[in-house]
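Okay, so chain A shows up in both of these, paired with chain B first and chain C after.
== the complex of A and B ==
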């Protein structure tokens, strides 16, 4: 670690050498942000928290500082998990300099050393990113180079080893902490910028391609049963077209044999295809997206499970709900295979019409569905087998859709400013959620629910406003009186009907007060029909926000971009302080 | 510019060539490697004569055992749970010790790797066996086990002499469990599509000679080369085929939830 810091400082000095002391100070810009999330936990028999296991306080915090001077920039992020908040991975427990980098970019060439974040295309073969709310950081410690040899052409290269919580980056490790070296190249060509004749053409065209490979020393991480490839490569090609009000983008990715814990050690090649077609004009937007993934989990450690060691990113194509009950059942990407489609229409009824009123009315319709891919048995040594370890696993017709539906969300939203004082948003959602596949509750019945909310804001005067939310979730099958198996009772922790109410009072620009209750009144298990009260006070001063909340938090999942973590039920007080400069 | 593109193209070519290893799909399994002395591992297969999925699961466990070496991985087929309850002409292999190990579980097949206690989270299905097996085999050996069986065919009396030697210093609550195992019993088993009337039951657990938890032989520190000898006697049931009977012993640490540290097996004849 110390050597790495010295290296970055040395490079920083080398890059900055040309700048005189005067200009160094004059042109410097420093920016940063800090955040602390602390939670005090208490016993709460009402929601079955009878033992804290000695953990009364959890704290997640970071401080990020970036320095920029002309073509040079450098930065670092310090993190503390003392210990980590409930629901975050225990491997995060610790404190230290999690991330640092130095970058020089003069427009022709850019070099970054240290911890690298980047994405090739839509991320199907490579994406490193940090998501604080998930406790996720798969940055690459190494080098990133960008070359722009001519207008419209960008060539990139990355080389390094991924972050795995606080595990050292050296090669001399036990198998659990080990991960391979990731190297990748990407090229992108914007034809409209490159070719003078196309500069002003209505047809916009850009295309790109990537190749990423991981090299995992299988003498360090040994598998007793199977021959594991040391080098695994994945390639992708993409094209973006835009003509007038239409836009089309597609990317196809392919990965060679990559037996791993997550794909049950099968040797089948992976594939992914993502396409989107959109139309937009003033007041109207239409988007259709389709996606097919098959065995496309790509990790720098073949033993990795969940979201650990991810080299690539499989983007979800589902609506992102932000309200409490609609976001209770959020879809988590299934890396072993999906057939997904999403259709979205946004329309604004113009101002001055009967339905549009004085301010116009925004309507949105969204439908997304994800099914499994079709997997057919294959012949191995004279026997038909399906997904057997050490084989090609299965055969799959590229265009076939399985009857096994993972998820469906049909929703309709109206967003209406009624007068200068009243604003209303209402949404209806019809949800199908295969909780057995998505959350791993074996044998649990599918969640089929109708969900609705009403979000109303009333502006009392220039400084004060009131906002209230009413939400309801009604399951079709699992509700009061549902005959559940007593031995699987814990799988019904959050099932059945819910009601939610919130009242928020805001005094701009500083204060906000809210109370809320989330009530699982229709849970089939009587002892799970709990109230989750919360009260929150927040204070904002410029870029600083201090928030104190107390009460109960229900069990659930937090998902960002289809990547999820489970949040256990808790009770206590939470303090969040964040600031930026 | 041309040079730059040449360098980039060369990089792409190099990466394509070096970045992928294609494995021959007909040669994905690693051959069995003899490790000599070392840590041994016990798989307990909680099975039942009326469990339709159990024969296939047992096959997976035996494939793994064959691949890793029958001198390193041992399987104990423990008939326990509702689907192990004998009905009609199905054989009854249930034992009180097996029921105790099985505890409150309600499904078959279930497996444990080197764990005596079947607490929540310790049971596995057949597709989850390989990772804990790899981890267990990678552990350092802490004890050596020796078994000497003396069997009198006339009286069917069996005397088992066991010897446990510490191969490193160790701190724990140590127990030795001695099990009787009968292999290759032919009987009725539910299989997909019906009943196999001549199913061959492998490594059937017939009971212990010293209780479900075994017998304590050390509580606290033991030091390298410490030796513990335990002897047991039993009379072999008339219905058991002595030619197919084995003694399987294991050392477990109760302070680690009953984790098994070493296992050994020896034919009684």
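== the complex of A and C ==
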């Protein structure tokens, strides 16, 4: 009987296909992408790699297919970590269908079932996203609905459970894998789009608000000491204004008591405020951003550490460096509290002026600083306590800035095309980096450094060009001769002065060959004064890229969006293949 | 069950083979710099070709590519009427910086903000820069990942092909 029904269904489907085949086929589209990153590791006594722990080869790969037909789309992503590359979380080890979805959106209503990515406002209370280079994916398996009742109004709802590596999505699990259910709503109203009289107004106004709650059945987790709230709610409101060349945006978020492993099980409410003010005209852009976060880590599992189970996103607002030595010490968000500010100016000296020359000169200045918030003791049962488990933790003045500085970056950049064939970019950076807090090296001295680079491109002819980079990083205190404690030697890996050189030859549009050396010549520990030599060949054909590189990789941190992973030192060969169609 | 599955797979394969008949623009909504919603499926340049480049304020090669495109853009527009849309994949940490950044650089492309990577995912972009050339009907005729000096010349050759 069941088979018959299926047969009828299949036939009906087949006829359905036939009847509308013409238009159906015409509207169908298939697209996708693939990427494979493979690494072969070898022993290298020179940089202290004396044991591979049985791991000679690591491989991260994904394949993704999207199918679209008019208002309908569906897709899936297959992932393989066989095993994961060094520096990625061991929980990734495995193969499987990591992501799938089906979506229908006709402009008025949109529904997605499956693994959902979305963001409310700037993500202070909700953001699910995927970042391949970090092995990060906190997609929500469930449902997402979008309704646009009238021009300029968008209402969204999400409901589901987050991905945690390969852990099953079911309910009864051990504490580590267990995630609560996340549900959220968001509304956004763009006044200029929805009110006809304001369509062409000089003043642009839009606002939005969201509410997100997680429901974690805490009886699943054996916690003997505290009563962990089952439901935790967080709300946020935002407003964006623009008038002429000025723009202002702000968002405030609030979270009710949410004791967790990351905040040491305190019951204090959390809050975050982020604002930016900018001015722009042709040739000049200025932006000031400020941010305050206080106890705003929001996870679907209260036992989660680092970025595990993150429901929200606390954006760091510092400058993102792209060159090797400047990006060696990259700031990562401190979820328990931050006071941060950033100021950036981009200016182009016009063409045809004395300083601008024939092509104009691009200048950029950036300053960003992050300090801790101030935490004051509170009275609990007649005693003054600070951040004690099971209490309200601390009191914090909203506007007070702690003397404890986490990070500061002041930098200045010149980008100049000198002639038809020569192009130069140079940058100076003054860096302050509290490595003890940011990377968790207890007791390690702060990194205070001057960093500079010169990046020069010479066009040999229409098809070929040469590029070289010279970079230096000079620490103020920790350098050759610094008196370190022999028992804490490990903490001094990558510390001290560095030099970096790169030479690249490209044949447009396909080939690039480069050699580079990164040298920790000024490390206080003599045996860490190593060279990290690499050679790279890459081939690009349309949307396909193949890259082969060999050599040493120094210990470091890879960060995208303030979310970081540490990469251990390694030696060997890396092959990357990526394509999309 | 197997039969049904096989049929579905066959249908998908057939449709897959016959794919790419119509516009390649996905049904995804992003924002422009004024905060206005822009449905990518409706993107057009009055029947003339247009370029979509994926970039970010923190992506070195992207900035190189856009500086190079900026230099030739007005010439290209005069010759071919082509339009460039620069899709920023900056997330919320840098979105506020995008407008002052491009204005400060003096670029004149139409900028779109893909804050949570919806368009990036729909168009299968793995790493920026990634450049797509669409013909006047919204079909992808050329795409390229990465940027090498002078690569804009190849893009221009492809644009010129569409003119004929």
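Convention: the second predicted complex is superposed on the first by the 562 of 581 C-alpha atoms of A that agree within 3 Å, B and C clash if a C-alpha of one lies under 4 Å from a C-alpha of the other, contacts with A are read in each partner's own complex, and residues count from 1 in each chain.
Convention: a contact is a pair of C-beta atoms (placed from the backbone, for glycine too) under 8 Å apart; a residue touches a chain by one contact, two chains touch by 3 or more.
Just so it is clear, the structure is predicted and the values come from calculations on it, not from any experiment.
After overlaying the two complexes on the shared chain, residue contacts for A:191 are found with neither chain B nor chain C. Contacts of A:226 after superposition on the shared chain: chain B is touched, whereas chain C is not. Once the two complexes are overlaid on the shared chain, A:286 sits against chain C while remaining clear of chain B.
In the superposition on chain A, A:261 contacts chain B only, with no contact to chain C.
For chain A, the partner touching the most residues, choosing from chain B and chain C, is C.
Legend: residue contacts after superposition of the two complexes on their common chain; A:303 is shown touching chain B, with no touch to chain C.
Contact with neither chain B nor chain C is seen for A:367 once the two complexes are overlaid on the shared chain. Chain A contributes residues 6-7, 9-10, 13-14, 17, 24-33, 35, 64, 66-71, 73, 105, 107, 117-119, 121-123, 127, 129-130, 132, 152, 154, 190, 192-193, 204, 206, 240, 242, 247, 249, 276, 278-287, 289, 313, 315-317, 320-323, 344-348, 359-360, 362, 364, 415, 417, 457, 459, 462-463, 465, 467, 506-509, 512, 538, 540, 542-545, 561-562, 578, 580-581 to its touches with chain C in the complex. Contact residues on chain A toward chain B in their complex (touch as defined above): 147, 149-150, 155, 157, 175, 183, 185, 187, 211-213, 215, 222-233, 235, 256-257, 259, 261, 264-265, 267, 303, 389-392, 487. Remark: chain B residues 1, 4-5, 8, 11-12, 15-16, 18-23, 25, 27-30, 64, 67-68, 106, 127, 130-131, 133-134, 137-138 touch chain A in the complex. Within the complex formed with chain A, the residues of chain C that make contact are 1, 3-4, 7-8, 11-12, 14-16, 18-22, 24, 26-27, 34-37, 39, 57-60, 63, 67, 71, 91-97, 99-106, 115-118, 121-127, 130, 142-146, 148-151, 153-154.
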